[in-house]
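Each of the next two complexes has chain A plus one more chain, namely chain B in the first and chain C in the second.
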Partner chain A sequence: MLNTFSILSLIIVIPFLGMLFTLFAKEAEDGSTRNACSVAVFAVIANIIMILRIFMLIEVYQPGIQLVETYNWMKNPDINIVFGVDVLSLMLLLAIHIAFIIGFIGVRNNMEHQKSLMVWSLLFLSMITGFFVSADIFSFYIFFEATLLPLFMILGMFGDIKRREYINRFLLYNMLGAVIFFVATLLLFNYQHGMLELQQLGNMKLNDKMEYFIWAAIFISLLSRIPVWPFHYWISSVNSSIRHPMVFLISMILPLTGIYGFVRFLPKSLPSIMSNYIFILQIIGIVTMLFIALIGLINKDRQYKIFSYITVYYIMYLLGILTRNEVILLNIAFSFFSYLIIVASLEVFSHYISREQSQQGIMDDGILCACPKISIIYAFMTLAAVGLPLSSLFLNNFLILSDLLAVNIKMGIIMLLSLVIVSSSLLRELFRLRDIEKCGVEMHQVEDINKGIFIFMLFICFILLMSFVKPLWFVLGA
Partner chain B sequence: MINSILILAICGSFGSILIPKRGNRMIGMLSFLITAAVFFILSKNYLSGTDQIHAFSWLKYMSLQVDIDLSANARSYNRVFPVYVLSLLSMLIANFNPEENKKQRFCSLVMLNICAITGAVCAVNLLQLLICSCLITVLGFCTIDDMDARKKYAFYNLLSDLSLFSVCSLAYGYIGSLEFSALPKFDKLGAHRDLVAVLLAFSVCLKLGLFMFHNQLYDLSVLNFNRLSYVLFCSAPFAGLIILYKFYPLMSVSDYAEPLLKIMTILTLLCGIYTTLVIDNIKEKAIGFAQILTGIGLMNLLFFSAKFETVEQLILFGGYLFVLNLFFVYHASSHEMKVSQMGGFISGTKFGFGIITVSLFALVHYILITQASAPYVISIISAGILILISSHIFRQIFFGTSHADERIMALLKNPTWYMLISLIVIGGLLGYPEYQKYQNELLVGFLLFILFLFFYPLRRLEQAYANEKIQESDVFESIFDFLIITPLTILGRILWLLVDFILIERTLINSISKTTAFLINNVTKLNVYSGVRYFMYVILSVALIFLIAVLRGK
Partner chain C sequence: MFVQMVAQSPEIFLLMGLPIMFLLNKYRKNKTSKTFYSVSKIMLLFSILSGIIFYNRSGYAEYVQNNTYTTLYKIFVQIFGLGIFFLSCKWFLNKNRSSLQYYAYGTGLIVSLMILISSVHFLVLSGAYFISSLLIYYLMRLSSEDYEYEMGNRRYFVFMFMFSLMILLSGLWFYHKIGSWEYAKIAAYYAKHAWNRADIMAFAGILLPLLYMLGIAPLHFNRIEQSGLSILPVGMINQILPVIGAYAVILNLLINVFSTASSIYVPFLRILSIVSLFWGAISATKEDNLRRLFGYCCLYSVGFIMLGLLPFNNNGITSSFVYLIAYLLTIFGVYSVFFAFKSNGEYVSSLQDISGIFSQKPYVSVLLTAFIVSFAGSPPMLGFLGKLQSVENMIREQDYWSIGLAMLALLLLLNAFFRVIRVMFFEIRTKNFDRTDRGIYFCLFLNMIFFLVGVLNPALFIEQFETLLQPIMR
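So, the complex of A and B:
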């Protein structure tokens, strides 16, 4: 080990330790597992504080990986594990952690497998943190695959009768991606005679055949995580079938690994072989966007609408990344921050509404009129989601779209159309839920969120608003 | 300017968050007084003639730099003041009108809206205007307190903002600058000029509620008169005017955008005339009249290059004045909505009719002033149309046989003090400038008005009030539904059921799954222990090795 203590390793370890504590958390006398939930929340908050500290330690606008930590794992073959961060990975980490707290709030009263859920969620958090701080291809691969295990376990716990089918699909796509990525890693290892840091990948020189195989393998494996046709099917099955906010949240974060992979792997100047791939990818991306947006528009299931919104945005970010523009990459990081928080909030409250609806045995039309606190938060999140200037999505979408429209007008227009459709779909849903004419007497049985959660969610809205005013407002001197 | 915006933004934000159980009117009045004080200070600054520069850097990283500019000069004061005046009057009415239940919230929203409008007026870059336009949309959305009206307003304005968003994105993508001063460069550096200009025209049409997109405005008729007039003149339509003005250089990059906007303007004017004459609902008549003034104002701007400030004041003050007149009628008739159920009101509200007539001629006078740049005939025709329509409506309300029930006739009222103040202020603002210039024309106009009241030339149109099809028809809603919503829904359903479900799930995924199951089953069967199978594998393996050896030998 080259250095003994480091802050990046610590943020991987904290959720892992939290997981161990949660594992040993005692159940209350009534059988509830609130302790587990409290330990999990504590671990996430502790990690958020550490991430904020890391923000203070790095030069936020300086390109490249910073705070590099290197650990020698094996001497022969010589394999080093390298960690490092930049503003993109830190923004994503912060957003994921905040989204997790929102998710935990959503499931705190749900006692079904709560302890196991907390354990696997924290393990996922630890692995995804490791993934975002990985700075070499080997640790990248390890964490890329390690994120699958917790989701696999959670799917097994919470799926309905068709869960075997979803798990099969999940494994089919992700294991395929994993194997291909493993082959690409081995090829690179042999070709370069040693492990590669992600930063060096851009300058790597490969022969034509090698280039062809390696880029194809990397593209397919990363795409297997992103809801791009035909790889979207496992995510759509999981997201639209399993009614659980944490499952939704974790499966929604998983495509981020694919998107992030593209940021790290795509070289600044594209080899000629890649331009063909990128062109095909752009076409597939655009078609999927419109396809999913239209299905989201007609589908009456709220969760599917949120899924279609997620898909359209993920693909937009993917297409933005393919432009390889430094300003856009930075703005994608800022945009992702709001996007993840908004989607987590929408999903948690959507699930809360569905649960109240099924408990009271009522229709959900006009249900928000009976619970004004949720109504305020849900309306804010929807308006922020459609791109109004309430979060960093607004400015960053503007910059991404301006570049994409200038590069390829047809692609830009279809993307805009998809954005309009998913936005309309979310707005229609909001209006349906707030339709006062449909709010009957029976709706007044619906329980609103308590004051503490309402204040916390108002704080989240404040964070989003501040991210619009200045994306790095919490970093002194940024 | 910056201090005034800060004060209004802070007070407005607090006011809209607070939910007081008591003191609704008190906080509302406090908001009114703060806004009045801010207006007073700004007026003093304006009169002192000093320009104030308030520009600061908002975002600065890598190659991106975005500034916020709130500099105050005579031009920006001229554009913001009409909004201040209307906002103050609306706040005053809201605080004393018993129809307004959420006085404090309305006043707070008005304060925030003033900030957003000031930001839009002072904007020197695309992003500042875009953000302010979106904020005006959100605040308008909050001001509208009816779900159906809100829904349509939100969809139309969201579409408009997204169109503007695309225009700004395209402009920034090609010229690489966010400044308005760089927009003329788009003609040289830009591409897809027609698309940009048409998208811009589309955005303006949606915001202003021009012909084809006017349904959003007519749906506002469920609001109370005060909110209705505020949203009509100080919310999204006003933002549309500012967008048109600021982005005007982009209109000229295409041969289609300006003619398109001109056609829409004329159609809006005609649509407004139709509504005011034929529709029974008094609030829809008010909206129709707002459309007429928007039509006349834009016609002056687009055809005769009139000054933006005069056009703005015509639409804002003129429209507000007429809506106020109808508000008075509505108040006098104990909230009767149908003009067909009125008539003979002169017996109970002579003073009201007098004040309406005077204010009406202040408006006619201002139309003549606005049209100074247009040919004289056009000015006269515009004023004539206004007199004809007003006389038609007020003839039905104040003269002839009364169709109102006895209770309404017995309770007929004169305008309240806050309505009178509003009428006097707006009437004065419209009647005072160049008040001696058009005396002859006004005299002729007045005689014409009396003549129209007496002869009632368009009396046949009264029959339309009884026609339910005309009163209830929503042609454009059905057209949009037929042309856009239905095809999208069908396409979505086809994609979902045919492609997603049948093709991918039932065919592709199932085939893979069945093939895998088939292979596993057969391999399992092959692996079951038996002497015959063992012997068969040995033979097959030997045959395979032999085959490979033969092939290599070749």
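So, the complex of A and C:
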């Protein structure tokens, strides 16, 4: 091994070790799993600190992979495992870790199998961290597939999905994508007679037949993770039936792997064969976007509204990535940071509201009037989500959209329309939850969040606000 | 004579264990299953040690020859045998049954498989094959309460007798034609002469029995059926030891003796491998008996091992070897977990019996999941290394159809795996499980260490073993 210990490996190892410690953490006599919870939170916070440290170590505005670590994994075939990061992967990692902390807040009172949830969540976090620091095609594939097992376990054990066949189908299609990806990876590896770093993929020259198959395989496998037609059906059937904030959060991170795959795999100079694929993908993307936005507007289920919001934004980012513009990529990175945190917060508080509603047996119209702390946070997150100048979504989405409008005005208009629909859907929901005239709930009937969580969430709001002012405000000298 | 005896000491040590066991049984008053296990263990350890020391010495070179290749597989048989004996001891202690016959037959089976692996003479091969098959039959007879099982045993006996006879007759044919039973002389003859129809029949008469022992489809019927009904220690032996022996002999024969007939056997083996992949994958999805379910997974794995081997080049040999190691460690791990699936003193084997087991036995359930992931060839488990190597080799050989079919079969097999995981983790527990023996945890822990070392540093597995495989490398 060329390097045996370094910071990128460490951020994969920390959640993994956290998982092991959580696994062996003793439960208290009253059955409380506070130890497991503390270990999990500690592992995530430790990783956030490490990620912030990595931000200090790299040149944030320099394009390309940095802090490259290479491990010679196998001699025959000669496979090196390469890790590396750029500002996009780091922003995503940081956002995911913060989203996990928010998710842990959402499940802190749910004692049922909490230890198992922490264990599988940390395993997922470790694998997804590995995925985002992968800088070669093999490690990319390994972590691409390795995320599926913890996801399957989390969905099955805690997702509370009534129809089990949905989970099986969901996983089977994802596995199909992973298997196709595996074959494409090995084909590329053999064709290039050796190791392939993700940075080199853009400049790769393939023969016609090979090009056709490999790009089709990569597109299908990455698309299998993103809720676009025809994959949207089983992804939405699983995600819209999840009734657990942490599980929803984790399952919604999965499409990110597909989107990120497009960032890494899409060549700088487009082979002729790919322009056909991209055109088809754009059409499928905007149709799905509009379709899901409309369903979100009609559907009364708050969970589905959040799901439709997430899907529309994911597709917008995907279409942005397909333009292969470096500046847009940076905007997407900054936008993603706020987007993931906002989605996590919305989901956690939406679940909190639903739980209070079902426990007290009350209607949720105007429920936020009875819990002012939640009301502040929920309103802030909804307003930030729809694109008000409260987070980095505002400016960066504006830039992404303007660029997409310049590329294709028709596509841009439909996209704008979809965004307006999902935004109005979220705003309508906020209005309903805060509608004081319909409020039939007394202040004491609904339990508000405690002071500590409120302060933490205010801090999260502060992070989002700062990201609006300057996306990389936390990096000294950026 | 003494030098010859010393060179054959690995087999002799094991054979010495048999009279010791019978004497202990006759004269020792306080004997438990541990007594016979201890004898087997000590003899196996001596045997392994002497096998390593005399790895390239042969006592009777015209009948059996040792080299790094044969020693490697013989040591595999011994080490896995030792592991199986260790776990089986727990079973016999729990059941309070005499283990003399089990350990005697098991030790005998190890010896006969060792002779089978190092044989260079068709008479020795047919003898060792017959004895191995007969001992497997006797092992299977150790539990014969079930009528269906008894009928299966009889069927096995008929087939094993028929196949042993086939090997003998095929050997006789070569002797009649070439004037020798020795592999080298037969290989030299066919290097100069073409194959005629009768020769091919004789060749098939040797290959088919060995494929039966390997358990490839459609010759797998007995092993999987019986492993579902036999007692756990016997099922474990049956799924592991004959596979190692048969694989080592098939590879040796096809490369060193019958390589000139490759145009005949490669398409034949390709068909059998693909049939095994699909038969295993489809049958596993419908199976409710855990041991049979994993038996079908083994069938799938055997198909993959043979498919990876098919080009019979160095990469093929290495890749199928890596897959074999992954398979052996995985199935050993799976059976170790089966020893932990005990409720009210009974070892459960139905899928429904383990529903919700995660809530009571989280570590065991997680470990079984890890083995399942390895079976599926998913990263980061050891099975991934095997799949990676095999598929990479198929791509090099531009065998795209085989890759497509293998991946399709894998997706079918995943359904069966999802079902097992779903039952263990997502369903409500119906049984109360007994405390798991520490020895089983020890075995599982050791297995996971091998897994981790293999995954983190595959060079250790691949490169170190590649040098040992030199005698069959081209």
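Note that in this section the second predicted complex is superposed on the first by the 469 of 478 C-alpha atoms of A that agree within 3 Å, B and C clash if a C-alpha of one lies under 4 Å from a C-alpha of the other, contacts with A are read in each partner's own complex, and residues count from 1 in each chain.
In this text, a contact is a pair of C-beta atoms (placed from the backbone, for glycine too) under 8 Å apart; a residue touches a chain by one contact, two chains touch by 3 or more.
None of these values were measured; they are calculated from a predicted model.
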Clash-or-fit label for the pair chain B, chain C on chain A: fit
Touched partner set for A:172, first chain B, second chain C, both or neither: both
Which superposed partner A:190 touches (first chain B, second chain C, both, neither): second
Chain B versus chain C as contact partner of A:116, first or second or both or neither: second
Which superposed partner A:145 touches (first chain B, second chain C, both, neither): second
First, second, both or neither for A:153, with chain B first and chain C second: second
Chain B versus chain C as contact partner of A:73, first or second or both or neither: second
Chain B versus chain C as contact partner of A:182, first or second or both or neither: second
Chain C versus chain B, contacts on chain A by residue: B
Touched partner set for A:164, first chain B, second chain C, both or neither: second
Touched partner set for A:405, first chain B, second chain C, both or neither: first
Gap in Å between nearest CA atoms once chain C and chain B share a frame through chain A: 6
Contact residues common to both interfaces of chain A (with chain B and with chain C): 168, 172
Touching residues (chain side chain B, partner chain A) in the complex: 58-59, 61-64, 66, 127, 130-131, 134-135, 137-138, 147, 150-151, 154-155, 158-159, 161-162, 165-166, 168-170, 172-174, 191-192, 195, 488-489, 491-493, 495-496, 499-500, 504-505, 508-509, 512-513
For the chain C and chain A complex, residues of the former touching the latter: 315, 318, 358, 362, 369, 373, 378-380, 384, 387-389, 391-392, 395-396, 403, 407, 410-411, 414-415, 418, 421-422, 425-426, 458-459, 462-463, 466
Touching residues on chain A, where the partner in the complex is chain C: 23, 73-77, 116, 141-143, 145-146, 148-149, 152-153, 156-157, 164, 167-168, 171-172, 175-176, 178-180, 182-183, 186-187, 189-190
Contact footprint of chain B on chain A as seen in their complex: 61, 168-169, 172, 230, 233, 236, 291, 294-299, 326-327, 330, 383, 386-390, 394-395, 397-399, 401-403, 405-406, 409, 412, 416, 419-421, 423-424, 427, 431, 434-437, 470-471
